[in-house]
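Below is one structure. I have some questions about it.
The chains carry the letters A, B, C and D, assigned in the order they are written, with residues numbered from 1 in each.
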């Protein structure tokens, strides 16, 4: 057993929403000591001035990022930065012997060409081979040994968890997958813009990046690996006037003679013993409030016999299982700690 | 031209949200005088005590419904009641010579068996043949001559307007239609229940009646008529934490060699000269706030060439084009008034 | 009677929330033609691209502001700009013979020194004497003859309407006035900032500029004039997680032997015949939703006999009676049109 | 030190919002085992069916209340019931040797006549003398020895914490106190009614029970005790469109020559070493989101030198420090556990 607080963790980019959520979770994790947090915008400012909620529970001051002083104090570094920045700093972090969980897209793709098609030129390609995709319930064994984890995107997490077991078992036709996903506003990050202005979001609902979101190729790569064959999906994200929460409604054609019970059993078997995937009972479906602030992914199943279509509904908190919570779960796996450690707060009733 | 205020209108069930929205629209309609409003729950109470917002703009007192006194004062009666009640009172209303727009499902189906399968036994079957489905942009000519109009459901309106022209033109494969729809809370009506409690809805998002909502057969009947062949669709409604607004994201397979431009042109041609259907420009998509309080249906189009799937996104205000606004538009058609009369308020910028 | 559409109006700063609300109201005003709208940020862009909701109802393109071309086309110019800009352009507008309603603070103060203490040096001081404070129900006679109107602030409007009649009648002690006011987020304007980020506002409530808001001196000047003696008040504004609406709760000591009925009667007498001030019945109080989108100011009254304190609660829509609606009402008065013209839309029930 | 989980706790009325919040906090409390939960409405139903969020973290089934079987299994019983019910069951609970924290008003008043004036006849008057008012930071010593604690109301908690130290120190004039308070909707409880219907609350703000709320006499009694003289205050609560959170803005006249620094120092001294009262820095004020889900009471101070008025702003989570959290804090004091035990979750950044 680890000594209490013995994992020394640093958060790079600690004042964005995912970074701050990491600070929340790590500060409450009995095996972790946060030793450094960085922020370009708030360098020199105490974290609890940026986020007064935390009060004396977090007394760290934001620093400017510099590899050496960070690595000296850390066993693990979480990089919670916009895409493109991590690939410029992660190589040096690894060289200095720390382990890294990166929350950007930079190390999620093993197919570098796909990354470059949807993002930009990759400047640390060699690391893409070493990096492990941090979907804990699926790649747990590899994650345990990884030095570098590419933490999954929020949308992919909500889509892959219900689909992977079914794709692996051959229960669904992976040529026709439609994902209609809905996210709370915190997924857009903390930078002010007209698109996150309260009055432009409140009392409204919209689709955005219709069939043009960069999380689609991420899903296709991982799902294709599970299915053993290329996957092509249609993905339309939407914005919900709420802060936290993500719900994906997934439409897929079942293979012949597959029953709702078969699907349910397949998922139950696959996630047996894993604390964070919860299967809803028959006729029940997830709501984002049931997972708010938690690392759960709730999944509901219904076979529409009228149209012979399988409908999967999954809900996560985009900042927790969709970002910081899964990052901590990855850390737990990497350091041999129980995977639920620090993620076991009782959910709010309301 | 009609004399100002010369259409005498009565609203039966005026204190529910759809009924009250009817009162709002009719009170501002230059060709209409509201002569009677009824409410079981608030009989004897001035409408502006139930809805203080309207103030002196509406000075009517709610009455108990009785056919004779209502019909004496009305040329048209709007029945804004729960399913099942209208079929017990509409026959007598028609017998007394008034015209009726019914906002329930009771007179939407020409296939009575379908109605009975999804609702209950029908006690005024003979009227189902006379009744016209009140989707104004599609059945306008029939509506003009109708004595009884079955005002469409909110979900069907948002789904049929984008799909009917394409189905008629044979541009889409009507065997694979998936409708992922999202509604504001006012669609659930004004009766208190746990499901509409602020704290159970706020900051959450959920699917409900997954592939089990009674608006699906309504869509299938009308769409099948347009396509000339039976249609089978998958329909999943969701609840958005907002008061007004409905957005439907529709996934359908295009027939071979159909381009996004073909779809756009087909819709533009079909709705040419019709004021309430607005086509979004290329790359633009509707948001429910753009149609809030209005009778518009905004439609966005995208052909996902990656998966060869056509995506249609439509937005309406569920209480206006999805209920009371379309009812008024039906009345306008029935009485030979410009179809936009009383529905031309400038939308809010925010 | 004016010929329909015969008042030519220009809106300078048309794409902020108050400016856009002006466009909404003027576009629906039967005596007005909007002839020009300006926007620095969106020059050259059609207004309905910035605000897709309005669609074809507004077909103007935003221009860069220039006095000559604007004045040639306008009888009245509305300046909906941040403080300080109007005083640099209004003199030239007036010189060119147009009448002006300015929505900023620049022309609200007759005491220039007070303005300069709370804002900045005034560069058009001579106009402050000519300018009339545009609180329509109070300064109506002066407004009719004014060439320049300083449109009141939203908070002052909500506070002055309930207090002025009582101050004039000597029913209250103007030495002890406490105003606890609450505003929706649109009052902060459309410019993106962390303070209006959805996630920083949603599901939260806060006080801001506690006893340090610049609307307090504006209230004190006008109220002092009504009372005939200097007034000193404590003003604390708060932010409500909603888009539109403002509610002020005002605590004041009644003079001896004043009853709730005296207060009610005083207000009823003062606002007799004025369509936009609505007095709530005994025991009833305003809610911001009752005035949403309207030019109403609803007022509730309660004498707390236990503590011998008078409580006034007023509600307005901050963008309408608190800004654009009152500006249109001012225009109506200035041009001899019925003061309610263009402001008579029926309120939403929900 | 207590053995882990050694306090056996029962929650009577566990499915209301305060009861469910108690279950959340107790389930995460290392020194507590929940041994029974009761619910009239949901008797026989697993708690996690009523609140699916909690999942397997709470596996209890709701029972019908009966004193004997509850008391056999409990060291402490929390009664989270509507006013009037507790006084009929608490006597028997105490007779059976358990200790009780009652969340209703029944045991908050030592002046039984005041209770009877504002609520109803009291049927367990003798217990009112034994009962201790559970404002932990003020009555901690008495609470430690109490068998029966009357847990304070949410509004009183938010008002008394900032005022009591000042009243005790004689820094303020207790004859002129105005409390303008704002609450989230969960304070109204979980029972459906039109007043908590999403569409009636959302996008609106209102005052209610203006100077007529029963929490006022509760504040007056406790504050009068602190001041050593009767206190008379004006109290106006308001409803905010959010689920959790309460903010009170308190206006009071400072005694002569009292500075903002004096007030700040007085509060700092009084709450020294107490973990749940946090004083905001100069110029900073609380926001309800900073305390959401936590047991904190944040307090901001400003002396309005212009009007010589002291303004105190306090924020709590109405379900935590305003109900269940304080109840657990009371239990901690009663059982000699650190008062913050089970209440130390890190707050959400957003």
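We adopt the following convention: a residue touches a chain if its C-beta (ideal position, glycine included) is under 8 Å from a C-beta of that chain, and two chains touch if they have at least 3 such contacts.
Chains and their UniProt names: A, B, C, D = N-acetyl-gamma-glutamyl-phosphate reductase.
Not measured: the values here are computed from a predicted model.
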Most distant chain from subunit A, judged by the mean position of its C-alpha atoms: C
A-B against A-D, pair bridged by the larger set of C-beta contacts: A-B
Rounded Å distance, subunit B centre to subunit D centre (Cα mean): 46
Distance between the centres, which are taken as Cα means, of subunit B and subunit A, whole angstrom: 39
Subunit A and subunit D: spacing of chain centres that average the CA atoms, whole Å: 36
Contacts with two or more other chains, residues of subunit A listed in rising order: 17, 186, 199, 202-203, 241-244, 287, 289, 292, 350
Subunit B - residues contacting subunit A, complex: 176, 178, 180, 182, 184, 199-200, 202-208, 210-211, 216, 232-234, 236, 238, 240-245, 247, 249, 251, 285-289, 292, 300, 302, 304, 306-307, 309, 311, 313, 315, 350
Residues on subunit B engaged by subunit D in the complex (per definition of touch): 17, 185-186, 190, 192-194, 196-199, 201-203, 241-243
Sites on subunit B touched by subunit C in the complex: 17, 20-21, 23-25, 27-28, 51-55, 57-58, 186, 202-203, 243-244, 278, 280, 284, 287, 289-294, 296, 298, 319, 344-350
